[in-house]
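Some structures to go through are shown next.
The two complexes that follow have subunit A in common; it is paired with subunit B in the first and with subunit C in the second.
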Partner chain A sequence: MTQLLAVAIDGVIYASWLFIIALGLTLIYGVMKILNLAHGSLYALGAYAAASLVGYWLSAGGSPYASYGLLAAAALVVGLVTGPLIERGLLKHLYGRDEIVLILVTYALFLILEDMIKLLWGVESYVVSEPYGLLGNMSFGPLDYPVYNAVLVVAAVVIGAAMTWGLQRTRSGRMLVAVIHDREISAAMGINVQRMYLVTFTIGAVLAAVGGALTAPTVSVVPGMGVEVIVLAFAVVVIGGLGSLPGAAVGALLVGMVRSAAVHYLPEAELFSIYAVMALVLLVRPKGLFSAAEVRRI
Partner chain B sequence: MRDVTIRSLAVALALVLAAGPWLPQWALSLLTISLGKGLVVLGLLLLMRTGLVSFGQGLYYCLGAYAAGVLAQWTGLYDAVAMLVFSAIVSVLVASVLGLLLASYRGIFFAMLSLAFSMILYGLLIKMPAFGSSDGFNVVARTMLGIELAGKGGYAVLALAAVSACAAAMALHRYLGSHLGSLAPAIRDNELRVEYMGASVRGAVHLNYAIAALLAGMGGGVTALSVGHIDPEMAYWTTSGEFVFVAILSGTGSVAAPLAGSILFEWLRSYAYQYSPNTWQMVLGAAMLLIIMFLPAGLWSVLARRNKGA
Partner chain C sequence: MVNRRGIGAALPLGCAILGLAATMPASAQDRPVKIGIVTFLSGAAAGPFGVPARNGAEILIEALNAGGKLPTPYAAKGYGGAPIEVVFIDEAGGTTKQVSEFRNLVQRQNVDLVIGYISSGDCLAIAPVAEELKKLTVFFDCGTPRIFEDASYKYVFRTGPTATMDNVAAAMYVVDLKPGLGKIAGINQNYAWGQDSWVDFDASMKVLKPGVQVTTSQMPKLLAGQYGAEISALLSNPADVVHSSFWGGDLEAFILQAAPRELFKKSLVVLTAGEPALHRLSGKIPDGTVIGARGPFGVFAPDNEMNRWFAKAYEERYVVSPNYPAYKMVNALLAAKLAWEKAQSGAGGKPPTNEQVAAAFENLSFDGPGGAVRMSLGKGHQAVMDTAYGVAKTVGGTTQIVDVKRYPAARVNPPEGVKSEDWIKSGFKSR
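Take a look at the complex of A and B:
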């Protein structure tokens, strides 16, 4: 019973983390039809920026409670700088190319960013665990969890809710949905599609960086941390259906639970199980669990 | 031998075989590994001509390498040629099964599903103590066609790699010119039209997928023989990404392009890695962006254009 509880709690925590990262990936794909391989590098950039900012703040004697604000600030700065830079500087010139070619463009970007991180931060690892332990523990029956994990879960729910509200209730959100459905008609109706792309990619970059910044206190930040994340986020997004917001949530929960169950009951199958689920979903529902029926275009 | 491609490949093979004994050890292994990876990229060329990009050729690369290793380790059959043949057989068998599923996928879904399969193999191998888990294990071929190999057998393995790569490239060239092979570009252009003509798109895609897997498996086998060590990284998505990278770099204009491109790539990488270990990926990435933007048909297209002009 205790183990079942542990599986459920670990699963939810892991799912929240996955959801934040996968959300950016699926949003960018939904609007721009770009499967962004560099998403993991943006995640790593967020983690590095957060780790060094918080590390600097703490060593300067700043209040540890302010470090939570700094995590968010670091992510915002990374996203708001890299997002527009990449979209305007690179992707803008390549729209209309084949989806596969665009994957390769982001693959090249991934290679560049990985080395950029090594140039900026070196190859040693960064550890800032203060924000992780600061909030103390909370217990579920016999199990103790750091409260920081709850922050992660709340962050995921808030971000998911805000995104849903933004897409369905605001004017620009609805315009974005229109662009997702039909780019040409939206442009003809006077929506500035170019600007929508810029905004979308920036939001996606911010989300990746937020995922990284929130993870930074829980792990040691090392080169190559983005490489693993990107395939996990792929699995989530593909399972849920590329470009689907509820799909990302369900995919994250599914992958989170499967992994957590594997870790507790069959540790050998941890990685295997995630990709087995991904392959299985692709086989049964090639377009993912939450994909809308595709409109046939002539 | 009137075909230019076949003739040039034969000349290149003769050159490599003749120059081999005089090459230093580092050049021998660099060339062998390039040819191994070139075989994988050759398979990707066929898939790309069919309009498919696999982000999971690492699956067969790794499978081929492990097949060779397992044969030598567990059955004591450590003949280099036997190991290579076994690599190819195992890869084709697995591809025939997975191909049943993959043959109906296109575009991004084909890429993703093949990526998932290769990551499954990776996830399995890193947790398999029998195969050395994440460390992998050593592979040594002691004989080649019954003849004892001295030491690591540098030149012998290079000769084997060069002969297999050139034979594979020639066979693929012939195949692409045949009726069945010329379905590939037709499928990329318009599947419906191919079906109307009475050909089976599914069958052709399945066949091409299996051929690509065969080549990737052989490439893995060659790499295992040359490096002498294999590990699960061979199935990781970055390895597969690198193959696609080289395929784009070289272009799909000719079957010689993947081999030449692979040699160029490995050579450049070893230099870049030596002189700037922390920025070589950045150089590669930038080069790739430039090629995608300005030479969408790869480096080979420059060569082809010049030949046409002359």
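Take a look at the complex of A and C:
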């Protein structure tokens, strides 16, 4: 029973973490049809910025409780600066090119950003674990979990709900949905598609940075941390269906639960489990669980 | 007036002298010894391992080139009087890239020897290539015992002990510390290093405590970073001892995530490669954690003249204390110096050939900053050393190591010609 409970809790925590990161990736793909491989670097930038800011704050004697606000601030700054910079400075000039070309461009960007991180922060690790343990623990039978994990779950739910509300209930959101469905018709109807691209990429960048900033207190922030994440986030959005918001949620939950069950019951299969799920889903639904029916254009 | 006949006679003579000079061997002091040093300069292994190793190399090479700064027998300048020239190569990028880089070092950069490699996978890939190119190659850190147990090499040496020693000594230490233990568990990275480490520790525990039960063996992906589920599995399958060979960012993340969940209070956690984390997580490592340094390095290093010199020079330049990869790099450079100079002396003072240095390297014994090193395994190509383990204790906000126990090399390494796995299963028989 304890083990089943542990599987469920660990699965939800892992899924929340993955969802925040995968959401930005799937949103950018849904609107812009760009599989942004630099998403992992934006996640890493968020983590480094958060670690630096919180580290500086704490070493200056600041209140540890304020560090939660600083994590969010660091993510916002990274996302709001890098998002428009990348979209306006680079991607804007490449719209209309083949998707493969854009993948290669974002891969190149990923390599550049990884080196930039090394130039700015060096190869040493950064540790700011204070926010992780500050809120104490919650107990589930014999298992203790830091309350910070609950913060992560709540953050994922709030971000997911806000995004759903934004897309379904606001004018801008509906225009964005229109662009997702058909970019040309949307433009013909007077929607400023270029502006939508800028907003979408910036939101995606902020989400990646939020993922990194929220992760920073739980890990040692090291070079290359974005590489692992992009592979996992990619698996999530492929399972859920590229560009689908509910798909990202279900994909993250599926990956989280399967991985957690593997760790508890069959640890030797942990490495393989996520990709086994991905392969199975693609076997049954080649475009992912929540892929929309595609209109055939003649 | 120019004597044309004189010029005619002098020209062939001059050419002959120049030609003779060209064919004469250069004196050992004329030509620098070019060393290719390969270590992680980027990626997750750079911060904890690669960069400290490079820092150690830079400090030592500067001192050697200046001459007279090191204690005997290392006081002579450079390698046999010749200055050392160094080419640093990044070990990141995988084995295929490393094999190409190695060939470049040998065939295009014409290095005299190569020192390097932290990853066991890289060592396994480079060894046959070094042999093919007949290039003296010294591995300084990689741990897999398979290199000299599964093959035999003429030009390849390893001056660092194998991972077998780490795990056998770890098992001995935890049994001493907790004699009544009955259950063990593990969390190791899912690749050669983690798997081999767990196999050796598990087998050693079964010899030392027959009937010991394994509650769970977790093998997360290398660089996974998130270990929430694995920590839950370790907590819900409680064990007296949890073994981990985690390193770098993975190790730090595991400590940061497991400590608040009280895993370190509920089980005795042994971290075989935990020493580099002492510097980075000082004050954050839970008291009672068993820490190893893959040999008598860092906090476990003996108080000898070489160690005093090295630790002081390193701290003066980099503020922090040197960790075990830095010590192991220094060991490799010092061993190569002694072998080079021994070979040079045998060659009448001329620059020695790779064959001469390799012959001099075999069965070499020397004292480094970590104490005595004997190249006594793998037909004289593999080093053994004493090792040590201790327990973390927070004193005044910083982590210190107490209850240090030392294990002689002969007790924690197999005898020559016996495979590590067979030796452990035999009950550590010394023949």
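Everything below uses one rule, namely that the second predicted complex is superposed on the first by the 298 of 298 C-alpha atoms of A that agree within 3 Å, B and C clash if a C-alpha of one lies under 4 Å from a C-alpha of the other, contacts with A are read in each partner's own complex, and residues count from 1 in each chain.
Everything below uses one rule, namely that a residue touches a chain if its C-beta (ideal position, glycine included) is under 8 Å from a C-beta of that chain, and two chains touch if they have at least 3 such contacts.
Predicted model, so just to flag it, every value in this text is computed and none were measured.
Answer with clash or fit: subunit B and subunit C placed together on subunit A by superposition.
Here the two partners, once superposed via subunit A, clash with each other.
One more residue to check, A:V222. First (subunit B), second (subunit C), both or neither?
second
For A:K118, using the defined touch cut-off, is the partner it touches subunit B, subunit C, both, or neither? Pick first, second, both or neither.
A:K118: touches subunit B and subunit C.
Answer with first, second, both or neither: which of subunit B and subunit C does A:D10 touch in the superposed model?
second
Applying the touch criterion given at the start, work out whether A:A276 contacts subunit B, subunit C, both or neither, answering first, second, both or neither.
first
So in the superposed three-chain picture, is A:P142 touching just subunit B, just subunit C, both, or none of them (first/second/both/neither)?
second
Does the superposition put A:D182 against subunit B (first), subunit C (second), both, or neither?
Neither partner.
Pick out the stretch of subunit B that clashes with subunit C after the overlay, from 23-31, 167-175, 185-193 or 257-265.
None of the options clash except 23-31.
On subunit A, which stretch or stretches are contacted by subunit B in one complex as well as by subunit C in the other?
Of subunit A, residues 118, 123, 227, 267-268, 270-271 contact subunit B in one complex and subunit C in the other.
Enumerate the contact residues on subunit B facing subunit A in the complex.
53, 55, 101, 105, 107-109, 111-113, 115-117, 119-120, 122-124, 126-127, 237-238, 241, 244-245, 248, 278-282, 284-286, 288-289, 292-293, 296
Could you please specify the touching residues of subunit A with respect to subunit B in the complex?
Its residues touching subunit B are 35, 37, 90, 93-94, 97, 99-101, 103-105, 107-112, 114-116, 118-119, 123, 227, 231, 234-235, 238, 242, 267-276, 278-279, 282-283, 286-287.
Could you pull out which subunit A residues touch subunit C in their complex?
Per the touch definition, subunit A meets subunit C at residues 2-3, 6-7, 9-11, 13-14, 17, 118, 122-125, 127, 129, 132-133, 137, 142-146, 149, 215, 218-225, 227-228, 259-260, 263-264, 267-268, 270-271.
Which part of subunit C faces subunit A closely enough to touch in the complex?
Subunit C residues touching subunit A: 41-44, 46-48, 50-51, 190, 216-221, 223-226, 228-230, 232-233, 235-236, 238, 248-249, 252-253, 256-257, 259-262, 280-281, 284.
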